[in-house]
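In what comes next, chain A is part of two complexes: it sits with chain B in the first one and with chain C in the second one.
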Partner chain A sequence: MKNGFLIFLASLVVLGGSWCAFVLAPVLQLGGLKQTTVLNSSDVYPVGRPGEANQGLQVYRAEGCAACHTEQIQQSGVACDVVLTSVGTNETAVRKAFENGLKQNNWPLFMTQNFHKAGEPEMLLINVSKEIADAAVDTITAAGGKAEIHIIATGPDIARGWGRRHSVAEDYLYDNPVQLGSVRIGPDLADEGARSPDASWQLLHLYAPQSVVKGSAMPPYRYLFQIRQIGREPSPDALNLPKAFAPPSGYEVVPKATARELAAYLLSLRADVPLRDAPFSSR
Partner chain B sequence: MTVNETTNPSAAEIDRSCCVPLLALFGGAALWLVVGSVLGLLASIKFHAPDFLANCAWLTYGRLQPAADDALLYGFCLPAGLGVALWLLARIGQTPIRGAIIPVVAANLWHLGVLAGLTGILMGDSTGFTWLEFPRGGSVPVFFAYLLLALWAMMIFAGRRPALRDALCPSQWFLVAALFWFPWIYSTANLFLIAGPVRGVAQAVIGWWFANNLLVVWTGLVGLGTALYFLPKLGGRPLQSHYLALFAFWTFILFATWCGIPSGAPVPVWMPTLSAAAIALLIVPLLAVFLVTWRTVRGSIKSNWNNTPFCFIGSGIDSFLLSGLMLMAMACPQISRVTNFTWFGPAETQLRLYGFFAMTMFGAAYHLLPRVVGIEFPFPKLARVHFWLSLLGIALLVAPLAIGGVVQGLKLQNPNVAFADTTKAMLPFLRVSTTGLLLMLLGNLLFFANVIGLTIRWKLALLKKFITFVKSPLETIEVRA
Partner chain C sequence: MSGEAKSNPPQPPASEPGIARSTVPVWIIVLTLMLLFLGMVYFDHHSGWFNPQIYGPYTSADQLESYQPKSGEAAMLAHGKARYDQVCGLCHGLDGLGKPGQTPPLAGSEWVNTRDFQRLARIPLEGVSGQLAVKGQAWSLSMPAMGAAMTDADLAGVLTYIRSSWGNQNGPVTAAAVKTVRAQLGLHPQPLTAEALKALPE
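Take a look at the complex of A and B:
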């Protein structure tokens, strides 16, 4: 049995190692994660979901939405814009210093002077690296002006409009279960609430995806709705469907509670505030 | 130290002691295999016709797909693997199973658990964690059934013949490690994710760790343990070599357990980095497995061309190596940028679960089931048809999904391509993969027919024996009276 015991002990150590790394350590490092503050603001992030949206998370789980949708925005890097906010007391000196910097360091100039209104912040450089942006700001500050760096997230997901920054651990603080998804059969939903903030659009899309997104491959979720005879007055909740998808005349389509909850959850999916780990500014 | 099993008088006795537990495990497994492929086929049809069965909540894609995956993994792979492990440990250790009633009860408990789990998923009771979808009604019976079966397997292992105590065969290392690893990962995942869920994204990390350790490590250990026993035995050449196999074992459990955290995940950077490093090192056990299997079967491939179990297990090893390479590709930053979130991942999983593990189990089952029951399969020729259907099916499922995944990924990387176009570009590939699923379903039906036919034959034989038994002693009693 000497040999058998040895295998047991050794495999215990080897297998247990991965347990420590990917169960114990994440629980210690991430299990106590707290709310963070929004960049340049005193607001905390994230705030819990309203009750209906929280129930919607369970509908999302039950219907297995994560089989086709991810909730994680990827980002490949950042680009910086340099904005002149104040020319200080000596505008010519600031402009001169900036132009010298342009010539000496080959900064790519952004031609906005023509559109620029006096007294408003002026865009000097766009889509430059962090190093160039820092150097430009230093030059301007040294000459007595003031400049800001605006950070823009880059990458295909951002360019597609799926979000404005990459997802971070804090985004899922109030999710249970956390459903990140692994395949994009449908689009990413991490910022869906900011992208399509209209609840009635969400409901139409759930009832008949092809009615709002032409050629959509998403299966319709008609069973989350009730098709019923119109009573004395049409229900205020009834869907306003295009003709090809509408029920027979005299009938209306009304969302069940589950559909309303799911739509509320989708609207609650917002990753649209800048954080220390994932900064961005609006252009 | 080598003991020739065929000349050992107790070999048949050991086989017969495994009969009822193995029939219980494999009978249910064959049923879930067919159920899983029907569910998978239904889910796949939805890509071509989103409206198909759309009014039925039970059959929506988001429920069908996890149910199909779990039916294959928990319904077929795990019980089949446990059955083969029981037999292998008994056969290698030359000890018959005692108290066979317990594994039989455990097997039935297992299959009831799978039934409850699958029903739960289809009802919308899934836990929402990939590969851990079974609600409590399914996960608790499955866990305890596993414990019982593993306990029995360990008892067989501990009770191996004294002469065999000190020199273990590599298969035993692989199987014993696997037996003991599943309860650990399954209980961890259920405790940390469902019973007392941890907060936030740590859930995702534990979920990835669990899925990787079940899909890659557990199936790898049991599948390789099985193949390293059968390839030398069926090919007629001893294992080349023992030490290389043990080297494969240690490097495999050392590196494969750390894989699974995808790059770009919204977690602290050290986690995906560590995982990617482990996946890169996975080349070491892959090479070792390649060398040990190739040097073992080299020269015996041609003469075994018609040996169906040999073909099943051989193609299983090929799929293991190929899916390992796909896993490594997905962790390489330049490639993962494209394959991330595409069909490439599901293609790898299917190749691993069906192409490697299920195929290896089919091979083992075709070899051992007639021996443990002592009756031939009713349709032995269909085994060959099953092999070709499964091989062609898995190729037609995996190749288009992998290639389509790369096409999809390249389109996703280009923000000027509308998202709807990336979906549309996938359709021809999905069409071929649906055909692959159909072929696999046909193959699985043949396996089901053979296993169920064998069970019926065994029950009929038992009935005959019982009738003769009832008849004969009665006469003697009458005579004495």
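Take a look at the complex of A and C:
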């Protein structure tokens, strides 16, 4: 081969280049990831999973849950709400200044006064850009009142109630392997523990999804449960199933260890705190 | 006919591909370099140069910084309430009324509604023991230094919460102010006595 050395050198450069881009760069970027602190708090995030939930991750993996569920919340934008916290000593001056601002700067008027409940801080502007929110807060502060900006993450996933912010690398710090998933036949589960924090609900849902979510497309995972004859007295762990899904009388449905572990894992999936790289205002 | 064919053997086509050294055209090299440059501009614009903190809708560190929620008074109150409910509320009550005979109330207490909070802040930082009068009633106290383990921000939140809830109306306490009070603490092995507490400036 006449150009053997040249070909060797070229393939070394190509393979080495892709190794740098796909292996080295991500490790340099995120390899040293550590726990972080929750915004405006001294709590750390994430907290390691308890043992049972850690086992549950392996059940989640073995049952192929990631084939229909993702664990990644997407965010397409960020918006601000302006909240009036105090009208100060001269309420009319504050209101007037705000109304002038509305007129002069074309702030999007939202008839929030109509929805305002007594005793709660009043929303002045909803879903505006940071520039408008800053200008509105400055106007109110100058008039002697006090207003705050609430940061709201926006996007289809967040509108569906699947979470309050996008997923970040810290969310997966204790996942091995990470169960990102790519197909959403079912809902995203990144914030499932915060959405349905009841372990018995999770167990009912695993045994008979349609018994708690009408029209659910999820297959029942009955083999994670034991259907057995009631002994001297019913087990305290037995599922409290509605009549249509209950076993024949004299029988009870008891979760096996795998079902309990999977439920514990699902409860441990909580991406509900604001972080520096995923800010939002907690209320 | 056959002789004619013999004298005219088939000629090879004139454009037979040959083996020759050829170089990459210059325009491809220029185009590749331009694409590389555009790629770098894209990364700079969309991820702040591979900054691991920057995701999705945010495109730069400055933009992310501007969207950090400010820990305004409302956020501080909410945070302080959470800590209070967790640590203080067990004895002083979630309603700040205390427990008759055991824990004095915080609502309307003259020890809470002071002009400044220098003295108040020392109570959770050092603890109190002995006889103390609160709202005209004598209490025999032994409060441990429940706030000593809290961070400055946590304690500031709790103090802000107790000074502005249940009818108490006082301004906020900042974490920096709590830090100054903490720096002034002596190394008391014992909790403060009521006399020592009274001797302190408000």
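Rule of thumb we're sticking to: the second predicted complex is superposed on the first by the 260 of 283 C-alpha atoms of A that agree within 3 Å, B and C clash if a C-alpha of one lies under 4 Å from a C-alpha of the other, contacts with A are read in each partner's own complex, and residues count from 1 in each chain.
We adopt the following convention: a contact is a pair of C-beta atoms (placed from the backbone, for glycine too) under 8 Å apart; a residue touches a chain by one contact, two chains touch by 3 or more.
This is a predicted model, so every value here is computed, not measured.
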Could you say whether A:S281 touches chain B, chain C, both of them, or neither, answering first, second, both or neither? second
Touch check for A:S41: first (chain B), second (chain C), both, or neither? second
Figure out whether A:V14 sits in contact with chain B (first) or chain C (second), or with both, or with neither. first
A:A169 contacts which: chain B (first), chain C (second), both, neither? both
The answer to whether chain B or chain C touches more of chain A is B
State whether A:A142 touches chain B only (first), chain C only (second), both chains, or neither. neither
Would you check which partner chain A:L30 touches, where first means chain B only, second means chain C only, and both and neither mean what they say? both
Taking the superposition as given, does A:Q74 touch the first partner, chain B, the second, chain C, both, or neither? both
Common interface positions of chain A, toward chain B and toward chain C: 29-30, 33, 74, 76, 166, 168-169
Hey, which residues of chain A end up touching chain B in the complex? 1-4, 7-8, 10-11, 14-15, 17-19, 21-23, 26-27, 29-33, 61-68, 70, 72, 74, 76, 156, 159-160, 166-187, 209-210, 213-223
Looking at the complex, which residues from chain C come into contact with chain A? 50, 52-58, 64, 66-76, 78-79, 151, 153-154
Spell out the residues on chain B that touch chain A in their complex, using ranges where they run on. 46-47, 50-52, 54-57, 60-63, 65-66, 124-130, 157-158, 165-168, 173, 176-177, 180-181, 184, 188, 192-193, 197-209, 213, 250, 253-254, 257-258, 260-262, 264-268, 271, 274, 337, 340-343, 345-346, 412-415, 419-420, 423-424
Okay, in this complex, where on chain A does chain C touch? 25, 29-30, 33, 39-42, 74-78, 83, 85, 121, 130, 146, 148-151, 155, 166, 168-169, 274, 276-283
